[in-house]
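Same chain, two partners: subunit A is paired with subunit B first, then with subunit C.
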Partner chain A sequence: MKYLTEFRDGEVASRMAKEIRQIVTRPWCIMEVCGGQTHSIIRNGIDQLLPEGVEMVHGPGCPVCVTPLEVIDRALAIAAQPEVILCSFGDMLRVPGTDKDLFQVKSAGADVRIVYSPLDAVKIAIKNPEKEVVFFGVGFETTAPPNAMALHIARQQGVRNFSMLVSHVLVPPAIEAIMQSESNRVQAFLAAGHVCSVMGYWQYPPIAEKYRVPIVVSGFEPLDIMEGLRRTLLQLERGEHRVDNAYERIVTFDGNRTAQQLLAEVFEVCDRPWRGIGVIPASGWRLNAAYHDFDAERRFAVTDIHAVESPLCHSGEVLRGALKPNQCPAFGKQCTPRHPLGATMVSSEGACAAYYNYGRYIAVEELTHA
Partner chain B sequence: MPETAKPDFANWSCPLPLRDYPNIVMGHGGGGKLSSELVEHLFLPAFRNDALANLGDAAVLSPLHGRIALSTDTFVVQPLFFPGGSIGNLAVNGTVNDLSVSGARPLYLTAGFVLEEGFPIADLARIVEEMAASARAAGVQIVTGDTKVVERGHGDGCYINTAGVGVVPDHLRLGPSLVQPGDVVLVSGTIADHGMAIMSVREGLEFESAIVSDCAPLNDLAARVLEAGGNSVHAMRDPTRGGLGATLYEIANAANAGIVVEEAQLPVRPAVHAACELLGLDPLFVANEGKMAVFVAADAADAVLAAMRAHSLGADAQRIARVVADHPQMLVARTRIGSNRVIPAQIGEQLPRIC
Partner chain C sequence: MCLAIPGRIEEIIEKDGVRMGHVNFDGILKEVCLAYVPEIAVGDYTIVHVGFALSRIDEESAQKTLATFRQTGLLEEELGAEEPAAKETL
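On to the complex of A and B.
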């Protein structure tokens, strides 16, 4: 498990920070797309090592954050049905719906279980044939292959009491949406390394070309991110706009072909609403016709969902990079990890939670006395 | 099986009268013959001591010299048996450790059992045997107890409450309010072992290397710490639920001081660290069951650290943090790459991340 130490080496980090300082001659604005990278940047204080003027903007790559409120309300309504066992990854449980979260539904008697793999949910379905087992399948291209595998196995083995509430989203259309936005300030992207481990990075050169924007595939450990930033800043300073891979030990140009085939077997591209952002065309995956029988949305005809977002929450602007979390008037006041108004305050990958939890202490001290 | 003076629990099997009922029935908690058979054939042989042998409604003990420390804790761990221990070991060590870090010498424990109808008596025997072994290792006596049975579906097999009595020497002064800026924080060994051991079996996660609970009695180690540090030791804690992080927050709040944690100094086993990373958990907030944190004046820190390292339960002891006047009631980590960050207090349980 060398990655836990080698890619967090303090001496190498300070050497790299020095190198980055030597490259930079003017201010730049770089977006890390993935929530895992946001978490790592804030947790490790990487932003503190960057030269003044290099601004990190946190992207919409947190699956918990961009899942629409309407989908969460739907999950809550399905979970509340007596015959249902709802399985989910852990951090979806605390995401507030309009009135409550999954923890509250669970304490009111619903069978809600944390699983570590959607395949475990299929096993639960096989063990409980009298129950309807629903997996809450959210996330980007990274979490989609195991979900596709779970569906593939359920279909192959005829596990009829298994279904999935799917709300998958895709990175490349989100990058395009950000570049097309009128208020956009982002000049370069760190592409999400683990998304690219599945999909490769063949989708990105046309985007880099069209918007004349450098895109550098980066990992998640502190040194991975710093190397990604170093290569990004080199391009920016030289006026280049290429796709570069700074995560060679994991990512190839083609990606994981087997996973991509499985994804094509199960999903089809659809328009998708992103929480706080709105509908982005062709930015999501839904189950294709062959898998309609496993679609929880079709199986449970839940109506009567009226999702109402908090009027105080500015998570959309945060997700677009238009607002820093601590610039939101509700940040740390009406909205805290304990009483989150929006999903960006819930997930540990959410930009608001990352700011609140790991912000430099001076800023947080001000908050605690606010 | 004939009654012998010292029952051999290694080869123990269900004694004759209990064999009729391989599982707990409601009658085992009813106070009648079944109850007394359980006491006579299971609890008494395991916990054997004079106070218990009287079978009175209360244990009557000799006078104690010094201030009396009293502590209680209830154990509901699932699964009941896990790598490195069982609910039985935990129930004894948990209370022994609460007394020990309060500066007390633990002497007597009580044991209350809530058993679920249908619970295998063989499992109960194993739990009781492990309680007895832990009590012997810690040098404490289990002097009174109680058993209740709840209907099937109303419990998780077996819950145990223990209460403990210990004696604190008159001269000893310990407590979070004595902790002050300048103090050094020592931890007696690797953190997060217990929580990850439980998670590895509870969640059916299969890690390549076995992760084992650190469940152990700390009374001897605590005595050595006090011997080496005297009144320079300002506070001791055993960071269980909530992990070392929760303990540091508790002390920072009580002392109205800040704490700076050197992340690179935190002792974490590689397999535990890897498991935590995989699940997106911070080892600082994962449970321990055989570790102590010591808050000691800087000039005595080396002596106390040496004493801890000389003890088998403190071989991996480390200096991990210092108490500061800045940022009161807040934990700040100095990261491996040389930056600072706030360590956030946890709201509830840590939740594994999606990806």
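On to the complex of A and C.
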């Protein structure tokens, strides 16, 4: 409860918590898919405000965390080539590859640059015609439109020394994979508000119907999440399974059609391995045939990548919701944000980092007896 | 990477055929791509993700969201993520 004061509006939050307590008569298990929401839930102690028996399971919605080790190793190998400037968002730099990370490659002399927008990488390519500029393009549906635009502009302007290492992932197939898994405990989903600001939520009704699972589009602020949870629990208690939008001020059913159009022009759906989870069918985007020339994977034929995960790391189970971060034996011991063993400890959106940063050191025994 | 920050459109410009704009995030001015929000006008609020405006948002919720980000230090984390090399290209 000690985080309650940090709510922007503590009074509203406690009123909502009370309302939620009145709704709930049984235990429920709800997954927030998005890492931004995980961060907010743990930071504000929302999970601790919920009635006993209502459990939040943290989903695989942190792009930094689910980018396959093999793709990280590939980025490291490309960055190390002398003619290359590798551009990336800052949070990819400390993600551990098999035996180093981008920061280490950078200190060893490679030209690795943090950019704010993928368009900055295109500008760097125009300014450095003698160099090969590669943008490390990962992320969910929210990051894809910027990447698509960067590619579109590079192609239109004939920027030949620009390419992208693409590893995009998609939310709806991940939800389906979770529902199909035999050990699944999740009974409802909070869908990620910002993904839906781009994609809308027209993809969700068939999923809600097929798996009889409520899906509620929710925002990121504590009160947004509480409202999402309230609506989710109402449905669960009534035995409903609808798609509901609790983030109406930003999300529409259609989403951003202009963005969806360009996405379809640049990307095509592909099977994609998720770090710690494995291949999920039709769960990613890769460059389509018209953009093959901009595919860094084709431009830099990096072979002999043998990705090996740290044997101590349980991030796969964490990402599937099978294990809470503080149940991992390495948590806070061999593995900290300064020395992360797995990607879920690197990014502030990763479940392990969220637990570490906000002091969730509860021992496993305490947790199970709680 | 997943946060989207609200800001106010101060100016709309065209750069190499692309609709761009200057967006004010709590006093910090940034160049942002507006190609995905063709309907947006000066004075409107938008949520921006990695340098791209993705949708319109009303002023009140923009202010609320900014206040939370300010409180949690996330604003600096998201906006400050660049090195001098990248800054000069803006």
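List of remarks:
In this section, the second predicted complex is superposed on the first by the 351 of 370 C-alpha atoms of A that agree within 3 Å, B and C clash if a C-alpha of one lies under 4 Å from a C-alpha of the other, contacts with A are read in each partner's own complex, and residues count from 1 in each chain.
Simple rule for what comes next: a residue touches a chain if its C-beta (ideal position, glycine included) is under 8 Å from a C-beta of that chain, and two chains touch if they have at least 3 such contacts.
Because the structure is a prediction, the values reported are computed rather than measured.
In the superposed model, A:I153 lies in contact with subunit C only, and not with subunit B. In the superposed model, A:D91 makes contact with both subunit B and subunit C. In the superposition on chain A, contact is made by A:P63 with both subunit B and subunit C. When the two complexes are overlaid on their common chain A, residue A:V169 makes contact with neither subunit B nor subunit C.
Touch criterion met: A:I114 reaches subunit B and subunit C at once. By the touch criterion defined above, A:K127 lies against subunit C but remains apart from subunit B after alignment on the C-alpha atoms of chain A. Touch criterion met: A:V198 reaches subunit C, while subunit B stays clear of it.
Contact with subunit B, but none with subunit C, is seen for A:A13 once the two complexes are overlaid on the shared chain.
Of the two partner chains placed by superposition, A:A246 touches none, neither subunit B nor subunit C.
Touched by subunit B in one complex and by subunit C in the other are residues 8, 36, 43, 63-64, 89-91, 114, 116, 120, 138-140, 142-143, 194, 222, 347-349 of subunit A.
Taken together, the subunit A residues at the contact with subunit B in this complex read 1, 4, 8-10, 13-14, 36, 42-46, 48-49, 63-64, 89-94, 114, 116, 120, 138-140, 142-143, 194, 222, 337-338, 347-349, 356-361, 364-365, 368.
Residue ranges of subunit C in contact with subunit A, taken from their complex: 1-4, 16-18, 30, 32-33, 35-38, 47, 49-52, 54-55, 57-58, 61, 64-65, 67-68, 71-72, 77, 79, 81-83, 85-86, 89-90. Of all residues in subunit A, those touching subunit C in their complex are 6, 8, 34-36, 43, 61-64, 87, 89-91, 113-120, 123-124, 127, 138-140, 142-143, 145-146, 149, 153, 156-157, 192, 194, 197-198, 220-222, 249-250, 256, 258-259, 262, 347-349. Contact residues of subunit B toward subunit A in the complex are 203-205, 264, 270-271, 273-274, 277, 279-280, 327, 329-330, 332, 335-342, 344, 347, 351-355.
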